[in-house]
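Going in written order, the chains are labelled A, B, C, D, E and F, and every chain counts its residues from 1.
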Amino acid sequence: MKVCRRETFNSAHRLFRKEWSDEKNRDVFGKCSNPNYHGHNYVLEVWIEGAIDPETGFVIDLKELKSVIVAHIIERFDHRNLNLDCIEFEGINPTTENIARVIWNILRVKLDPKFGIEVQLSETDKNKAYYAGV
Amino acid sequence: MKVCRRETFNSAHRLFRKEWSDEKNRDVFGKCSNPNYHGHNYVLEVWIEGAIDPETGFVIDLKELKSVIVAHIIERFDHRNLNLDCIEFEGINPTTENIARVIWNILRVKLDPKFGIEVQLSETDKNKAYYAGV
Amino acid sequence: MKVCRRETFNSAHRLFRKEWSDEKNRDVFGKCSNPNYHGHNYVLEVWIEGAIDPETGFVIDLKELKSVIVAHIIERFDHRNLNLDCIEFEGINPTTENIARVIWNILRVKLDPKFGIEVQLSETDKNKAYYAGV
Amino acid sequence: MKVCRRETFNSAHRLFRKEWSDEKNRDVFGKCSNPNYHGHNYVLEVWIEGAIDPETGFVIDLKELKSVIVAHIIERFDHRNLNLDCIEFEGINPTTENIARVIWNILRVKLDPKFGIEVQLSETDKNKAYYAGV
Amino acid sequence: MKVCRRETFNSAHRLFRKEWSDEKNRDVFGKCSNPNYHGHNYVLEVWIEGAIDPETGFVIDLKELKSVIVAHIIERFDHRNLNLDCIEFEGINPTTENIARVIWNILRVKLDPKFGIEVQLSETDKNKAYYAGV
Amino acid sequence: MKVCRRETFNSAHRLFRKEWSDEKNRDVFGKCSNPNYHGHNYVLEVWIEGAIDPETGFVIDLKELKSVIVAHIIERFDHRNLNLDCIEFEGINPTTENIARVIWNILRVKLDPKFGIEVQLSETDKNKAYYAGV
């Protein structure tokens, strides 16, 4: 049994490697490497796998899951510049893949080890990433 | 190969345990335990896994799957109070998890054992459950 | 210039007239008159018409509009039974039309008279109402 | 008769007035004034009102309308920082209202005066603006 | 006060004028003039404007509106080829605009003259038409 | 780690077996066997599973994945009649299942064998297929 909570955050970012020239960054990352940043409405789905608690009928109380997501993901990344404001992406290119992995790693520490965790992150309606740990 | 049919139903429910005090129910289930009920537009996705029939090109005829879902799920739960009108939830708290499991159990009996069945149920755009049997 | 804020609430209700027989209620309102209630995820869009404030660039601060909607609509109707818990519907059948009108009337009092107000309320993806005052 | 074309663009922005202190900007614009910017997936709907051409059955060829929107709106604003990269917002706070008005003004010049133009712009699923000229 | 009912139909069509050469049709209508047709999931929204009936709380019973739409629009156009199967489009290019107008004209005859009628028709998520009569 | 690219195409098709009578086709495929075809807005999601490239932060460059999908799927099937215009469906009934499998087979050849591939194809909001190879 799995349950899912969906939250959103709105951030600026750019894709680039500082050790590459502007030209190479432009070649590889295209308009996503615009030096002044662009941004997205990220849509995050966190799926938790576990057994149903026979007392409550919950795998996990989604109000509590929401609190964890808000406190540790939304508060950190919403209305922020992922490259400049978030130490989690120091030296890490904030691609959808890397953001999903960073989020998964944060949640893995904050949530009970008995739960399986899957993260799906949409950058746009057309581009998504999914991560469930290695 | 899997195919999916999506249907919806609109029901009232409340989350509570009758052996708990009102206060404890309020503590655990929050506003979801409102004694006079609240309600949701449930969105149900039923995924069927199987081989493609070489004659028809179908895993299962989705018109038939729709008929099964309508006859055994929608007719039972749509425009009903899950707590008061549906014996399937007698003694079972109608959380999204439990509703998904009840639906899966009903479909498991009604559909050919050769098919795998997965049920995804959305209570709101933010809260979902997924069940595929034990 | 108009701006819109979208909020949601989840409520139970039934459609019926207490001065009619059960049979007549069933005839007119169909399964929507189920005595034990059913429910919906209501989606509310509030549109505000006005001039752009040259200082802020806002017609109205959507954070403030959100606060008004939450305080006076969501807090009253979310996770409630519209027929039993909400005096606003005493003697008023909680059809989508009537809920939209009740909401408009509440907001009209709470918002600055300089603003035009339009309310769109979805009961389901298929059924909606729109009201902008008489 | 009206027809609509929907396009999207992804931009960074911040809301602030440079003549205000950081504190006042924070007070008025909240987290939207984050100095390092944040961003959105903007969804633009352009509605064109006119008569149906009896030969083609079109009010306007939506392929042409798309070309105009892409050339004059998407190319300018997509994957850009509205505050830093777009002279259209020099001295103009890039609120949803102001972006909608800027877009309308650009399209008004580029499209045949015989057409009525309405612009709807969503910053998020919850916040939208609509502009149809003064 | 307005209410809306949303229905869908899936049809094949092509855009062309038989008095034009294939080349001219290709020039004007592009890939939409493919001689073997293509198709769409059309999404129809019918808005009805009127007064709320004080007895029922309805502008119009949406169950009845649904019946009218199904009987006179969906039954005619769903799983049909608009060019070949539907006499309503004899000599009329089935553009979104023309389909919306044909639908409006059909509904205008079938619905009580006391009601205002607006039709919104989506051919795709990106292309829509709106018609409310002359 | 998986990433997803979503694209759409609009096609006509019919479901039938030429060796069956019209009556049997009607019995099995219902209105989907209409001889003059009908059509759909197909929504395609292609999921790619692989390791994150430590240099770019990409599993696969979604711009490149988009190019492959457009060149080999969209260009072939968009604004086409799957039965008449597409040799890929010669002797294959264009059910959602079969279209998904055809797409998967095309992509399997065009994409690096190191990647896992999953295809999800929606014919309508209610009917979907998923295929990840045998």
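Convention: a residue touches a chain if its C-beta (ideal position, glycine included) is under 8 Å from a C-beta of that chain, and two chains touch if they have at least 3 such contacts.
Quantities reported herein were computed from a predicted structural model and do not represent experimental measurements.
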Would you pick out the chains that touch chain B and also touch chain F?
-> A
Using the touch definition up top, find the fewest steps from chain C to chain E.
-> 1
Going by the average position of its CA atoms, which chain sits the greatest distance from chain B?
-> D
Over half of interface residue numbers shared between chain A and chain B means same, under half means different, so which is it?
-> different
Approximate Å spacing (C-alpha centroids) for the pair chain C, chain D = 29
Taking each chain's centre as the mean of its CA atoms, how far is chain C from chain F in angstrom?
-> 41
Two or more partner chains touched - positions in chain E | 125
Viewed as a graph of touching chains, is the assembly arranged as a line, ring, star, complete set, or other?
-> other
State which pairs of chains touch, listing all of them.
-> A-B, A-D, A-F, B-C, B-F, C-D, C-E, D-E, E-F
Chain C partner contacts - residues on chain B that touch it in the complex | 8, 10-13, 31-32, 34, 36-41, 78-81, 84-85, 124-125
Touching residues on chain A, where the partner in the complex is chain F = 15, 17, 28-30, 92-98, 100-101, 125-131
In the complex, go through chain E and note every residue touching chain C.
-> 1-7, 47, 52, 55-59, 61-63
